[in-house]
Amino acid sequence: MGGLARFSVAVGEDLLRRFDRLIRESGYANRSEALRDLIRDRLVAEQWAAGEEVVATITLVYDHHVRDLAERLTEAQHQRTDRIISSLHVHLNHDNCLEVIVTRGSAHDVKELAGLLIGSRGVKHGGLVMTTTGEEL
Amino acid sequence: MGGLARFSVAVGEDLLRRFDRLIRESGYANRSEALRDLIRDRLVAEQWAAGEEVVATITLVYDHHVRDLAERLTEAQHQRTDRIISSLHVHLNHDNCLEVIVTRGSAHDVKELAGLLIGSRGVKHGGLVMTTTGEEL
Amino acid sequence: MGGLARFSVAVGEDLLRRFDRLIRESGYANRSEALRDLIRDRLVAEQWAAGEEVVATITLVYDHHVRDLAERLTEAQHQRTDRIISSLHVHLNHDNCLEVIVTRGSAHDVKELAGLLIGSRGVKHGGLVMTTTGEEL
Amino acid sequence: MGGLARFSVAVGEDLLRRFDRLIRESGYANRSEALRDLIRDRLVAEQWAAGEEVVATITLVYDHHVRDLAERLTEAQHQRTDRIISSLHVHLNHDNCLEVIVTRGSAHDVKELAGLLIGSRGVKHGGLVMTTTGEEL
(Lines give C-alpha, C1' and ligand atoms only; values in the text may rest on other atoms or scores of the structure.)
Protein backbone atom coordinates (compact mmCIF):
# COMPACT_ATOMS: atom_id res chain seq x y z
CA MET A 1 0.00 0.00 0.00
CA GLY A 2 2.86 2.43 0.65
CA GLY A 3 2.75 5.26 3.17
CA LEU A 4 0.40 8.18 3.61
CA ALA A 5 0.93 11.50 1.86
CA ARG A 6 -0.46 14.69 3.31
CA PHE A 7 -1.30 17.83 1.36
CA SER A 8 -3.34 20.97 1.75
CA VAL A 9 -6.59 21.72 -0.10
CA ALA A 10 -8.37 25.05 -0.64
CA VAL A 11 -12.17 24.97 -0.87
CA GLY A 12 -14.79 27.71 -0.72
CA GLU A 13 -16.31 28.09 2.76
CA ASP A 14 -19.87 27.47 1.60
CA LEU A 15 -18.86 24.38 -0.33
CA LEU A 16 -16.92 23.03 2.63
CA ARG A 17 -19.85 23.62 5.00
CA ARG A 18 -22.14 21.56 2.76
CA PHE A 19 -19.49 18.87 2.31
CA ASP A 20 -19.01 18.59 6.09
CA ARG A 21 -22.75 18.11 6.51
CA LEU A 22 -22.68 15.33 3.92
CA ILE A 23 -19.72 13.69 5.68
CA ARG A 24 -21.63 13.60 8.97
CA GLU A 25 -24.77 12.22 7.35
CA SER A 26 -22.86 9.54 5.43
CA GLY A 27 -21.02 8.32 8.50
CA TYR A 28 -17.51 9.07 7.24
CA ALA A 29 -14.93 9.45 10.03
CA ASN A 30 -13.35 12.57 8.53
CA ARG A 31 -12.77 14.62 5.36
CA SER A 32 -9.77 12.56 4.23
CA GLU A 33 -11.81 9.35 4.26
CA ALA A 34 -14.62 10.94 2.25
CA LEU A 35 -12.21 12.46 -0.28
CA ARG A 36 -10.37 9.16 -0.72
CA ASP A 37 -13.69 7.55 -1.66
CA LEU A 38 -14.46 10.28 -4.22
CA ILE A 39 -10.96 9.95 -5.70
CA ARG A 40 -11.23 6.15 -5.93
CA ASP A 41 -14.61 6.29 -7.67
CA ARG A 42 -13.13 8.61 -10.26
CA LEU A 43 -10.03 6.48 -10.77
CA VAL A 44 -12.03 3.28 -11.21
CA ALA A 45 -14.08 5.04 -13.90
CA GLU A 46 -10.79 6.03 -15.58
CA GLN A 47 -9.42 2.47 -15.46
CA TRP A 48 -12.50 1.33 -17.36
CA ALA A 49 -12.36 4.18 -19.86
CA ALA A 50 -8.64 3.61 -20.47
CA GLY A 51 -9.08 -0.13 -21.07
CA GLU A 52 -6.79 -1.16 -18.18
CA GLU A 53 -6.98 -4.50 -16.42
CA VAL A 54 -10.17 -4.45 -14.38
CA VAL A 55 -12.40 -6.70 -12.29
CA ALA A 56 -16.14 -7.04 -12.76
CA THR A 57 -19.08 -9.04 -11.52
CA ILE A 58 -21.72 -10.10 -14.02
CA THR A 59 -25.16 -10.91 -12.61
CA LEU A 60 -27.66 -13.02 -14.58
CA VAL A 61 -31.25 -13.99 -13.76
CA TYR A 62 -32.61 -16.76 -15.98
CA ASP A 63 -35.22 -19.46 -16.25
CA HIS A 64 -33.38 -22.77 -16.01
CA HIS A 65 -36.16 -24.49 -17.98
CA VAL A 66 -35.08 -22.72 -21.15
CA ARG A 67 -33.55 -25.44 -23.28
CA ASP A 68 -29.74 -25.51 -23.41
CA LEU A 69 -29.40 -22.21 -21.56
CA ALA A 70 -27.36 -23.52 -18.60
CA GLU A 71 -25.09 -25.36 -21.02
CA ARG A 72 -24.64 -22.33 -23.23
CA LEU A 73 -23.76 -20.12 -20.24
CA THR A 74 -21.28 -22.68 -18.92
CA GLU A 75 -19.76 -23.15 -22.36
CA ALA A 76 -19.30 -19.39 -22.84
CA GLN A 77 -17.49 -19.24 -19.52
CA HIS A 78 -15.27 -22.25 -20.17
CA GLN A 79 -14.00 -20.73 -23.38
CA ARG A 80 -12.63 -17.89 -21.24
CA THR A 81 -11.37 -19.66 -18.13
CA ASP A 82 -8.37 -17.35 -18.02
CA ARG A 83 -10.73 -14.43 -17.45
CA ILE A 84 -13.25 -16.00 -15.08
CA ILE A 85 -12.26 -16.24 -11.45
CA SER A 86 -15.28 -17.78 -9.82
CA SER A 87 -19.04 -17.92 -9.89
CA LEU A 88 -21.95 -18.30 -7.50
CA HIS A 89 -25.29 -19.90 -8.28
CA VAL A 90 -28.52 -19.22 -6.36
CA HIS A 91 -31.93 -20.91 -6.79
CA LEU A 92 -34.29 -17.96 -6.52
CA ASN A 93 -37.56 -19.84 -6.92
CA HIS A 94 -39.12 -22.70 -8.83
CA ASP A 95 -38.23 -21.34 -12.24
CA ASN A 96 -35.48 -18.81 -11.81
CA CYS A 97 -31.78 -18.93 -11.03
CA LEU A 98 -29.35 -16.13 -10.31
CA GLU A 99 -25.71 -16.47 -11.24
CA VAL A 100 -22.90 -14.04 -10.40
CA ILE A 101 -19.66 -14.40 -12.30
CA VAL A 102 -16.47 -12.72 -11.08
CA THR A 103 -14.27 -11.87 -14.00
CA ARG A 104 -10.99 -10.12 -14.68
CA GLY A 105 -9.29 -8.84 -17.82
CA SER A 106 -9.10 -5.83 -20.08
CA ALA A 107 -12.10 -3.51 -19.82
CA HIS A 108 -12.93 -4.31 -23.43
CA ASP A 109 -12.92 -8.12 -22.99
CA VAL A 110 -14.93 -7.97 -19.79
CA LYS A 111 -17.61 -5.78 -21.34
CA GLU A 112 -17.80 -8.07 -24.35
CA LEU A 113 -18.27 -11.13 -22.14
CA ALA A 114 -20.93 -9.33 -20.10
CA GLY A 115 -22.81 -8.39 -23.27
CA LEU A 116 -22.65 -11.96 -24.54
CA LEU A 117 -23.94 -13.50 -21.30
CA ILE A 118 -26.62 -10.92 -20.50
CA GLY A 119 -27.85 -11.04 -24.10
CA SER A 120 -28.14 -14.84 -24.19
CA ARG A 121 -31.57 -16.14 -25.17
CA GLY A 122 -33.39 -17.08 -21.98
CA VAL A 123 -31.56 -14.65 -19.69
CA LYS A 124 -34.34 -12.48 -18.28
CA HIS A 125 -32.23 -9.74 -16.78
CA GLY A 126 -28.63 -8.98 -16.00
CA GLY A 127 -26.20 -6.36 -14.85
CA LEU A 128 -22.53 -5.52 -14.62
CA VAL A 129 -20.56 -4.00 -11.73
CA MET A 130 -17.39 -2.45 -13.11
CA THR A 131 -14.85 -2.46 -10.31
CA THR A 132 -11.11 -2.81 -9.77
CA THR A 133 -8.30 -5.11 -8.68
CA GLY A 134 -7.80 -2.62 -5.87
CA GLU A 135 -4.07 -2.33 -6.58
CA GLU A 136 -2.64 1.19 -6.23
CA LEU A 137 -5.99 2.35 -4.87
CA MET B 1 -19.31 32.92 -2.46
CA GLY B 2 -17.60 33.50 0.89
CA GLY B 3 -13.87 33.07 1.47
CA LEU B 4 -11.60 30.09 0.98
CA ALA B 5 -10.99 27.51 3.69
CA ARG B 6 -7.82 25.48 3.73
CA PHE B 7 -7.40 22.06 5.32
CA SER B 8 -5.05 19.10 5.19
CA VAL B 9 -5.86 15.73 3.63
CA ALA B 10 -4.14 12.36 4.11
CA VAL B 11 -4.14 9.99 1.13
CA GLY B 12 -2.17 6.80 0.41
CA GLU B 13 0.91 7.45 -1.75
CA ASP B 14 -0.18 5.06 -4.51
CA LEU B 15 -3.64 6.56 -4.65
CA LEU B 16 -2.23 10.07 -4.78
CA ARG B 17 0.19 9.17 -7.60
CA ARG B 18 -2.68 7.89 -9.70
CA PHE B 19 -4.83 10.90 -8.85
CA ASP B 20 -2.04 13.30 -9.84
CA ARG B 21 -1.75 11.54 -13.18
CA LEU B 22 -5.51 11.92 -13.72
CA ILE B 23 -5.29 15.63 -12.80
CA ARG B 24 -2.61 16.22 -15.43
CA GLU B 25 -4.51 14.31 -18.09
CA SER B 26 -7.80 16.09 -17.33
CA GLY B 27 -6.23 19.53 -17.51
CA TYR B 28 -7.02 20.56 -13.93
CA ALA B 29 -4.73 23.31 -12.63
CA ASN B 30 -4.13 21.60 -9.28
CA ARG B 31 -5.45 19.10 -6.71
CA SER B 32 -7.79 21.59 -5.05
CA GLU B 33 -9.57 22.31 -8.31
CA ALA B 34 -10.02 18.61 -9.04
CA LEU B 35 -11.27 17.87 -5.53
CA ARG B 36 -13.74 20.76 -5.62
CA ASP B 37 -15.25 19.24 -8.77
CA LEU B 38 -15.57 15.81 -7.14
CA ILE B 39 -17.17 17.37 -4.06
CA ARG B 40 -19.64 19.39 -6.14
CA ASP B 41 -20.73 16.39 -8.19
CA ARG B 42 -21.47 14.51 -4.99
CA LEU B 43 -23.37 17.42 -3.44
CA VAL B 44 -25.53 17.94 -6.51
CA ALA B 45 -26.48 14.26 -6.36
CA GLU B 46 -27.39 14.76 -2.70
CA GLN B 47 -29.53 17.81 -3.44
CA TRP B 48 -31.55 15.70 -5.85
CA ALA B 49 -31.81 12.74 -3.48
CA ALA B 50 -32.85 14.99 -0.61
CA GLY B 51 -35.57 16.72 -2.63
CA GLU B 52 -34.05 20.19 -2.28
CA GLU B 53 -34.67 23.05 -4.67
CA VAL B 54 -32.86 22.16 -7.88
CA VAL B 55 -32.46 23.28 -11.47
CA ALA B 56 -32.84 21.02 -14.47
CA THR B 57 -32.90 21.15 -18.24
CA ILE B 58 -35.40 18.95 -20.05
CA THR B 59 -34.57 18.12 -23.68
CA LEU B 60 -37.27 16.89 -26.09
CA VAL B 61 -37.02 15.76 -29.72
CA TYR B 62 -40.38 15.50 -31.46
CA ASP B 63 -42.09 15.44 -34.80
CA HIS B 64 -44.00 18.70 -35.07
CA HIS B 65 -46.47 17.10 -37.50
CA VAL B 66 -47.97 15.03 -34.69
CA ARG B 67 -51.38 16.52 -34.14
CA ASP B 68 -51.73 18.80 -31.11
CA LEU B 69 -48.28 17.93 -29.78
CA ALA B 70 -46.85 21.48 -29.79
CA GLU B 71 -50.05 22.72 -28.13
CA ARG B 72 -49.96 19.99 -25.50
CA LEU B 73 -46.30 20.69 -24.66
CA THR B 74 -46.94 24.42 -24.40
CA GLU B 75 -50.04 23.85 -22.30
CA ALA B 76 -48.16 21.56 -19.88
CA GLN B 77 -45.54 24.27 -19.46
CA HIS B 78 -48.01 27.09 -18.97
CA GLN B 79 -49.70 25.28 -16.13
CA ARG B 80 -46.37 25.44 -14.32
CA THR B 81 -45.05 28.87 -15.23
CA ASP B 82 -43.71 29.31 -11.71
CA ARG B 83 -41.36 26.41 -12.31
CA ILE B 84 -40.30 27.08 -15.88
CA ILE B 85 -37.62 29.69 -16.42
CA SER B 86 -37.08 29.67 -20.15
CA SER B 87 -37.03 27.46 -23.20
CA LEU B 88 -35.20 27.18 -26.51
CA HIS B 89 -36.59 25.76 -29.72
CA VAL B 90 -34.49 24.39 -32.61
CA HIS B 91 -35.68 23.16 -36.02
CA LEU B 92 -33.53 20.06 -36.52
CA ASN B 93 -34.82 19.04 -39.95
CA HIS B 94 -37.99 18.88 -42.01
CA ASP B 95 -39.91 16.82 -39.48
CA ASN B 96 -38.18 17.16 -36.15
CA CYS B 97 -37.83 19.86 -33.51
CA LEU B 98 -35.70 19.97 -30.40
CA GLU B 99 -36.84 21.89 -27.36
CA VAL B 100 -34.86 22.51 -24.17
CA ILE B 101 -36.77 23.71 -21.14
CA VAL B 102 -34.94 25.19 -18.15
CA THR B 103 -36.87 24.47 -14.98
CA ARG B 104 -36.51 25.03 -11.26
CA GLY B 105 -38.30 23.60 -8.24
CA SER B 106 -38.25 20.70 -5.82
CA ALA B 107 -36.48 17.63 -7.16
CA HIS B 108 -39.80 15.78 -7.04
CA ASP B 109 -41.76 18.34 -9.07
CA VAL B 110 -39.03 18.71 -11.65
CA LYS B 111 -38.78 14.96 -12.18
CA GLU B 112 -42.54 14.71 -12.49
CA LEU B 113 -42.64 17.44 -15.13
CA ALA B 114 -39.77 15.81 -17.04
CA GLY B 115 -41.60 12.48 -17.04
CA LEU B 116 -44.79 14.10 -18.27
CA LEU B 117 -43.12 15.97 -21.13
CA ILE B 118 -40.75 13.19 -22.24
CA GLY B 119 -43.60 10.67 -22.09
CA SER B 120 -45.97 12.79 -24.21
CA ARG B 121 -47.33 11.04 -27.27
CA GLY B 122 -45.27 12.15 -30.27
CA VAL B 123 -42.09 12.95 -28.34
CA LYS B 124 -39.51 10.65 -29.92
CA HIS B 125 -36.78 11.00 -27.35
CA GLY B 126 -35.89 13.10 -24.35
CA GLY B 127 -33.51 13.54 -21.49
CA LEU B 128 -33.03 15.34 -18.20
CA VAL B 129 -29.93 17.04 -16.82
CA MET B 130 -30.25 17.27 -13.05
CA THR B 131 -28.19 20.23 -11.94
CA THR B 132 -28.16 22.95 -9.31
CA THR B 133 -28.86 26.61 -8.58
CA GLY B 134 -25.13 26.83 -7.87
CA GLU B 135 -25.72 28.53 -4.51
CA GLU B 136 -23.38 27.41 -1.72
CA LEU B 137 -21.42 25.38 -4.27
CA MET C 1 -41.76 9.38 -41.97
CA GLY C 2 -42.93 6.60 -44.30
CA GLY C 3 -45.95 4.42 -43.63
CA LEU C 4 -46.83 2.13 -40.74
CA ALA C 5 -45.75 -1.50 -40.65
CA ARG C 6 -47.72 -4.03 -38.65
CA PHE C 7 -46.34 -7.29 -37.26
CA SER C 8 -47.20 -9.85 -34.63
CA VAL C 9 -45.35 -10.32 -31.33
CA ALA C 10 -45.35 -13.30 -28.93
CA VAL C 11 -44.89 -12.53 -25.25
CA GLY C 12 -45.42 -14.65 -22.12
CA GLU C 13 -48.81 -14.05 -20.52
CA ASP C 14 -47.38 -13.01 -17.16
CA LEU C 15 -44.96 -10.62 -18.79
CA LEU C 16 -47.72 -9.11 -20.90
CA ARG C 17 -49.99 -8.66 -17.89
CA ARG C 18 -47.29 -6.69 -16.08
CA PHE C 19 -46.50 -4.68 -19.20
CA ASP C 20 -50.16 -3.78 -19.68
CA ARG C 21 -50.30 -2.53 -16.11
CA LEU C 22 -47.23 -0.37 -16.74
CA ILE C 23 -48.79 0.99 -19.93
CA ARG C 24 -51.92 2.06 -18.04
CA GLU C 25 -49.90 3.68 -15.25
CA SER C 26 -47.61 5.53 -17.66
CA GLY C 27 -50.48 6.95 -19.66
CA TYR C 28 -49.58 5.32 -22.96
CA ALA C 29 -52.53 5.01 -25.35
CA ASN C 30 -51.72 1.42 -26.33
CA ARG C 31 -49.03 -1.25 -26.57
CA SER C 32 -47.69 -0.05 -29.91
CA GLU C 33 -47.02 3.40 -28.54
CA ALA C 34 -45.18 2.01 -25.51
CA LEU C 35 -43.12 -0.39 -27.63
CA ARG C 36 -42.17 2.36 -30.07
CA ASP C 37 -40.75 4.35 -27.15
CA LEU C 38 -38.72 1.38 -25.91
CA ILE C 39 -37.40 0.75 -29.42
CA ARG C 40 -36.43 4.40 -29.91
CA ASP C 41 -34.57 4.58 -26.60
CA ARG C 42 -32.55 1.56 -27.62
CA LEU C 43 -31.82 2.91 -31.09
CA VAL C 44 -30.67 6.29 -29.77
CA ALA C 45 -28.25 4.46 -27.45
CA GLU C 46 -26.98 2.55 -30.51
CA GLN C 47 -26.51 5.74 -32.55
CA TRP C 48 -24.26 7.06 -29.79
CA ALA C 49 -22.34 3.80 -29.41
CA ALA C 50 -21.84 3.52 -33.17
CA GLY C 51 -20.52 7.08 -33.51
CA GLU C 52 -23.30 8.19 -35.89
CA GLU C 53 -24.39 11.78 -36.34
CA VAL C 54 -26.22 12.76 -33.17
CA VAL C 55 -27.71 15.74 -31.39
CA ALA C 56 -26.98 16.71 -27.80
CA THR C 57 -27.69 19.42 -25.28
CA ILE C 58 -24.88 20.46 -22.96
CA THR C 59 -25.94 22.17 -19.71
CA LEU C 60 -23.47 24.27 -17.70
CA VAL C 61 -23.89 26.04 -14.35
CA TYR C 62 -21.12 28.51 -13.61
CA ASP C 63 -20.19 31.54 -11.58
CA HIS C 64 -19.91 34.42 -14.03
CA HIS C 65 -17.50 36.23 -11.69
CA VAL C 66 -14.77 33.71 -12.46
CA ARG C 67 -12.27 35.63 -14.53
CA ASP C 68 -12.36 34.96 -18.28
CA LEU C 69 -14.79 32.09 -17.94
CA ALA C 70 -17.56 33.54 -20.13
CA GLU C 71 -14.96 34.43 -22.76
CA ARG C 72 -13.39 31.00 -22.65
CA LEU C 73 -16.78 29.29 -23.03
CA THR C 74 -17.74 31.53 -25.94
CA GLU C 75 -14.37 31.04 -27.59
CA ALA C 76 -14.62 27.24 -27.31
CA GLN C 77 -18.01 27.40 -28.99
CA HIS C 78 -16.93 29.74 -31.77
CA GLN C 79 -14.14 27.40 -32.79
CA ARG C 80 -16.82 24.83 -33.52
CA THR C 81 -19.61 26.90 -35.05
CA ASP C 82 -20.31 24.13 -37.54
CA ARG C 83 -21.29 21.88 -34.65
CA ILE C 84 -23.19 24.33 -32.44
CA ILE C 85 -26.77 25.07 -33.38
CA SER C 86 -27.91 27.44 -30.69
CA SER C 87 -27.61 28.29 -27.03
CA LEU C 88 -29.72 29.65 -24.21
CA HIS C 89 -28.49 31.66 -21.25
CA VAL C 90 -30.31 31.99 -17.91
CA HIS C 91 -29.38 34.16 -14.91
CA LEU C 92 -30.06 31.81 -12.00
CA ASN C 93 -29.12 34.16 -9.17
CA HIS C 94 -26.62 36.85 -8.24
CA ASP C 95 -23.57 34.69 -8.91
CA ASN C 96 -24.65 31.83 -11.11
CA CYS C 97 -25.60 31.40 -14.75
CA LEU C 98 -26.96 28.40 -16.58
CA GLU C 99 -26.19 27.86 -20.23
CA VAL C 100 -27.64 25.18 -22.50
CA ILE C 101 -25.87 24.55 -25.78
CA VAL C 102 -27.56 22.56 -28.55
CA THR C 103 -24.97 20.76 -30.61
CA ARG C 104 -24.82 18.32 -33.50
CA GLY C 105 -22.07 16.16 -34.94
CA SER C 106 -20.44 12.77 -34.59
CA ALA C 107 -20.95 11.16 -31.20
CA HIS C 108 -17.21 11.41 -30.61
CA ASP C 109 -16.94 15.14 -31.35
CA VAL C 110 -20.00 16.01 -29.30
CA LYS C 111 -18.74 14.09 -26.26
CA GLU C 112 -15.34 15.76 -26.59
CA LEU C 113 -16.91 19.22 -26.67
CA ALA C 114 -19.11 18.39 -23.67
CA GLY C 115 -16.08 17.21 -21.70
CA LEU C 116 -14.17 20.37 -22.57
CA LEU C 117 -16.98 22.73 -21.57
CA ILE C 118 -18.11 20.90 -18.42
CA GLY C 119 -14.49 20.53 -17.30
CA SER C 120 -13.66 24.23 -17.75
CA ARG C 121 -12.28 25.94 -14.67
CA GLY C 122 -15.14 27.81 -13.00
CA VAL C 123 -17.93 25.57 -14.29
CA LYS C 124 -19.57 24.27 -11.12
CA HIS C 125 -21.66 21.52 -12.63
CA GLY C 126 -22.77 20.28 -15.99
CA GLY C 127 -24.53 17.54 -17.84
CA LEU C 128 -25.11 16.09 -21.27
CA VAL C 129 -28.33 14.80 -22.85
CA MET C 130 -27.44 12.45 -25.67
CA THR C 131 -30.32 12.52 -28.13
CA THR C 132 -31.00 12.26 -31.83
CA THR C 133 -31.77 14.14 -35.02
CA GLY C 134 -35.02 12.19 -34.98
CA GLU C 135 -34.61 11.07 -38.59
CA GLU C 136 -35.70 7.48 -39.31
CA LEU C 137 -37.05 7.27 -35.76
CA MET D 1 -44.61 -19.13 -16.66
CA GLY D 2 -48.05 -19.38 -18.25
CA GLY D 3 -48.66 -19.54 -21.97
CA LEU D 4 -47.71 -17.22 -24.78
CA ALA D 5 -49.91 -14.30 -25.83
CA ARG D 6 -49.76 -12.95 -29.34
CA PHE D 7 -50.69 -9.44 -30.39
CA SER D 8 -50.13 -7.06 -33.25
CA VAL D 9 -47.91 -3.96 -33.15
CA ALA D 10 -47.84 -0.94 -35.48
CA VAL D 11 -44.47 0.76 -35.98
CA GLY D 12 -43.26 3.31 -38.54
CA GLU D 13 -41.46 1.71 -41.47
CA ASP D 14 -38.24 3.65 -40.94
CA LEU D 15 -38.19 2.84 -37.25
CA LEU D 16 -38.81 -0.83 -37.97
CA ARG D 17 -36.01 -0.96 -40.55
CA ARG D 18 -33.54 0.39 -38.01
CA PHE D 19 -34.83 -1.93 -35.31
CA ASP D 20 -34.45 -4.95 -37.59
CA ARG D 21 -30.86 -3.99 -38.27
CA LEU D 22 -30.21 -3.75 -34.52
CA ILE D 23 -31.82 -7.18 -34.00
CA ARG D 24 -29.48 -8.75 -36.56
CA GLU D 25 -26.40 -7.09 -35.08
CA SER D 26 -27.31 -8.05 -31.51
CA GLY D 27 -27.89 -11.69 -32.37
CA TYR D 28 -31.54 -11.83 -31.37
CA ALA D 29 -33.47 -14.65 -33.04
CA ASN D 30 -36.46 -12.46 -33.91
CA ARG D 31 -38.44 -9.32 -33.06
CA SER D 32 -40.41 -10.93 -30.24
CA GLU D 33 -37.25 -11.92 -28.41
CA ALA D 34 -35.79 -8.42 -28.71
CA LEU D 35 -39.04 -6.78 -27.58
CA ARG D 36 -39.36 -9.12 -24.59
CA ASP D 37 -35.90 -7.98 -23.45
CA LEU D 38 -36.84 -4.31 -23.78
CA ILE D 39 -40.06 -4.90 -21.86
CA ARG D 40 -38.28 -6.79 -19.06
CA ASP D 41 -35.65 -4.08 -18.61
CA ARG D 42 -38.40 -1.53 -18.21
CA LEU D 43 -40.37 -3.68 -15.76
CA VAL D 44 -37.34 -4.37 -13.57
CA ALA D 45 -36.73 -0.61 -13.37
CA GLU D 46 -40.39 -0.23 -12.31
CA GLN D 47 -40.11 -2.90 -9.62
CA TRP D 48 -37.24 -0.95 -8.08
CA ALA D 49 -39.00 2.41 -8.38
CA ALA D 50 -42.18 0.99 -6.86
CA GLY D 51 -40.37 -0.56 -3.88
CA GLU D 52 -41.46 -4.12 -4.70
CA GLU D 53 -39.61 -7.21 -3.58
CA VAL D 54 -36.40 -7.33 -5.58
CA VAL D 55 -33.11 -9.18 -5.83
CA ALA D 56 -29.70 -7.51 -5.94
CA THR D 57 -26.03 -8.35 -5.94
CA ILE D 58 -23.70 -6.11 -3.95
CA THR D 59 -20.03 -6.17 -4.98
CA LEU D 60 -17.29 -4.96 -2.59
CA VAL D 61 -13.53 -4.63 -3.13
CA TYR D 62 -11.60 -4.10 0.08
CA ASP D 63 -8.20 -4.37 1.70
CA HIS D 64 -8.45 -7.21 4.21
CA HIS D 65 -5.63 -5.67 6.27
CA VAL D 66 -7.91 -2.87 7.39
CA ARG D 67 -8.56 -3.57 11.04
CA ASP D 68 -11.95 -5.09 11.89
CA LEU D 69 -13.27 -4.63 8.37
CA ALA D 70 -13.99 -8.31 7.64
CA GLU D 71 -15.73 -8.60 11.01
CA ARG D 72 -17.77 -5.47 10.44
CA LEU D 73 -18.91 -6.66 7.02
CA THR D 74 -19.83 -10.10 8.37
CA GLU D 75 -21.63 -8.56 11.33
CA ALA D 76 -23.66 -6.23 9.10
CA GLN D 77 -24.73 -9.24 7.05
CA HIS D 78 -25.60 -11.43 10.03
CA GLN D 79 -27.96 -8.80 11.38
CA ARG D 80 -29.93 -9.21 8.16
CA THR D 81 -29.76 -12.95 7.52
CA ASP D 82 -33.37 -12.94 6.37
CA ARG D 83 -32.37 -10.69 3.49
CA ILE D 84 -29.04 -12.22 2.51
CA ILE D 85 -29.16 -15.34 0.38
CA SER D 86 -25.53 -16.15 -0.21
CA SER D 87 -22.12 -14.63 -0.74
CA LEU D 88 -18.93 -15.36 -2.65
CA HIS D 89 -15.43 -14.35 -1.61
CA VAL D 90 -12.47 -13.99 -3.98
CA HIS D 91 -8.82 -13.25 -3.13
CA LEU D 92 -7.86 -10.75 -5.83
CA ASN D 93 -4.25 -10.22 -4.83
CA HIS D 94 -2.02 -9.85 -1.79
CA ASP D 95 -4.02 -7.04 -0.26
CA ASN D 96 -7.43 -7.03 -1.85
CA CYS D 97 -10.54 -9.18 -1.61
CA LEU D 98 -13.73 -9.08 -3.63
CA GLU D 99 -17.01 -10.11 -2.07
CA VAL D 100 -20.36 -10.45 -3.86
CA ILE D 101 -23.47 -10.64 -1.70
CA VAL D 102 -26.77 -11.84 -3.15
CA THR D 103 -29.64 -10.18 -1.34
CA ARG D 104 -33.40 -10.05 -1.52
CA GLY D 105 -36.01 -7.77 0.02
CA SER D 106 -37.84 -4.53 -0.54
CA ALA D 107 -36.06 -2.15 -2.91
CA HIS D 108 -35.65 0.27 0.00
CA ASP D 109 -34.03 -2.23 2.38
CA VAL D 110 -31.71 -3.58 -0.28
CA LYS D 111 -30.49 -0.12 -1.26
CA GLU D 112 -29.93 0.76 2.39
CA LEU D 113 -27.85 -2.37 2.96
CA ALA D 114 -25.82 -1.69 -0.20
CA GLY D 115 -25.10 1.87 0.95
CA LEU D 116 -24.02 0.65 4.37
CA LEU D 117 -21.66 -2.02 3.03
CA ILE D 118 -20.18 0.01 0.16
CA GLY D 119 -19.68 2.99 2.48
CA SER D 120 -17.88 0.98 5.18
CA ARG D 121 -14.47 2.31 6.14
CA GLY D 122 -11.85 0.26 4.27
CA VAL D 123 -14.08 -0.70 1.35
CA LYS D 124 -12.24 0.71 -1.67
CA HIS D 125 -14.97 0.37 -4.24
CA GLY D 126 -18.35 -1.23 -4.65
CA GLY D 127 -21.38 -1.52 -6.84
CA LEU D 128 -24.96 -2.71 -6.93
CA VAL D 129 -26.82 -4.68 -9.60
CA MET D 130 -30.54 -4.11 -9.20
CA THR D 131 -32.30 -7.12 -10.62
CA THR D 132 -35.38 -9.25 -10.07
CA THR D 133 -36.74 -12.49 -8.67
CA GLY D 134 -37.70 -13.25 -12.26
CA GLU D 135 -41.27 -14.13 -11.28
CA GLU D 136 -43.94 -12.96 -13.74
CA LEU D 137 -41.19 -11.88 -16.12
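Each chain carries a letter (A, B, C and D) given by its place in the written order, and its residues are counted from 1.
Methods note: a residue touches a chain if its C-beta (ideal position, glycine included) is under 8 Å from a C-beta of that chain, and two chains touch if they have at least 3 such contacts.
Given the structure is predicted, the values throughout are model-derived calculations rather than measurements.
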Just how many steps, at minimum, does a route from chain A to chain C need if it may pass only between touching chains?
-> 2
Which chains does chain A share as contact partners with chain B?
-> none
Mean-CA-position distance for chain D and chain A (Å) = 11
Taking each chain's centre as the mean of its CA atoms, how far is chain C from chain D in angstrom?
-> 26
In whole angstrom, the CA-centroid distance of chain B from chain D equals 26
Please list all residues of chain D that touch 2 or more other chains.
-> 1, 40, 135, 137
Kindly provide every pair of chains that touch.
-> A-B, A-D, B-C, C-D
Chain C residues touching chain D in their complex are 1-19, 22, 31-32, 35-36, 38-40, 42-43, 46, 135-137
Of all residues in chain B, which touch chain C in the complex?
-> 1, 26-29, 33, 37, 40-41, 44, 55, 57, 59, 61-63, 65, 85-88, 90, 92-93, 95-96, 98, 100, 102, 104, 119, 121, 124-135, 137
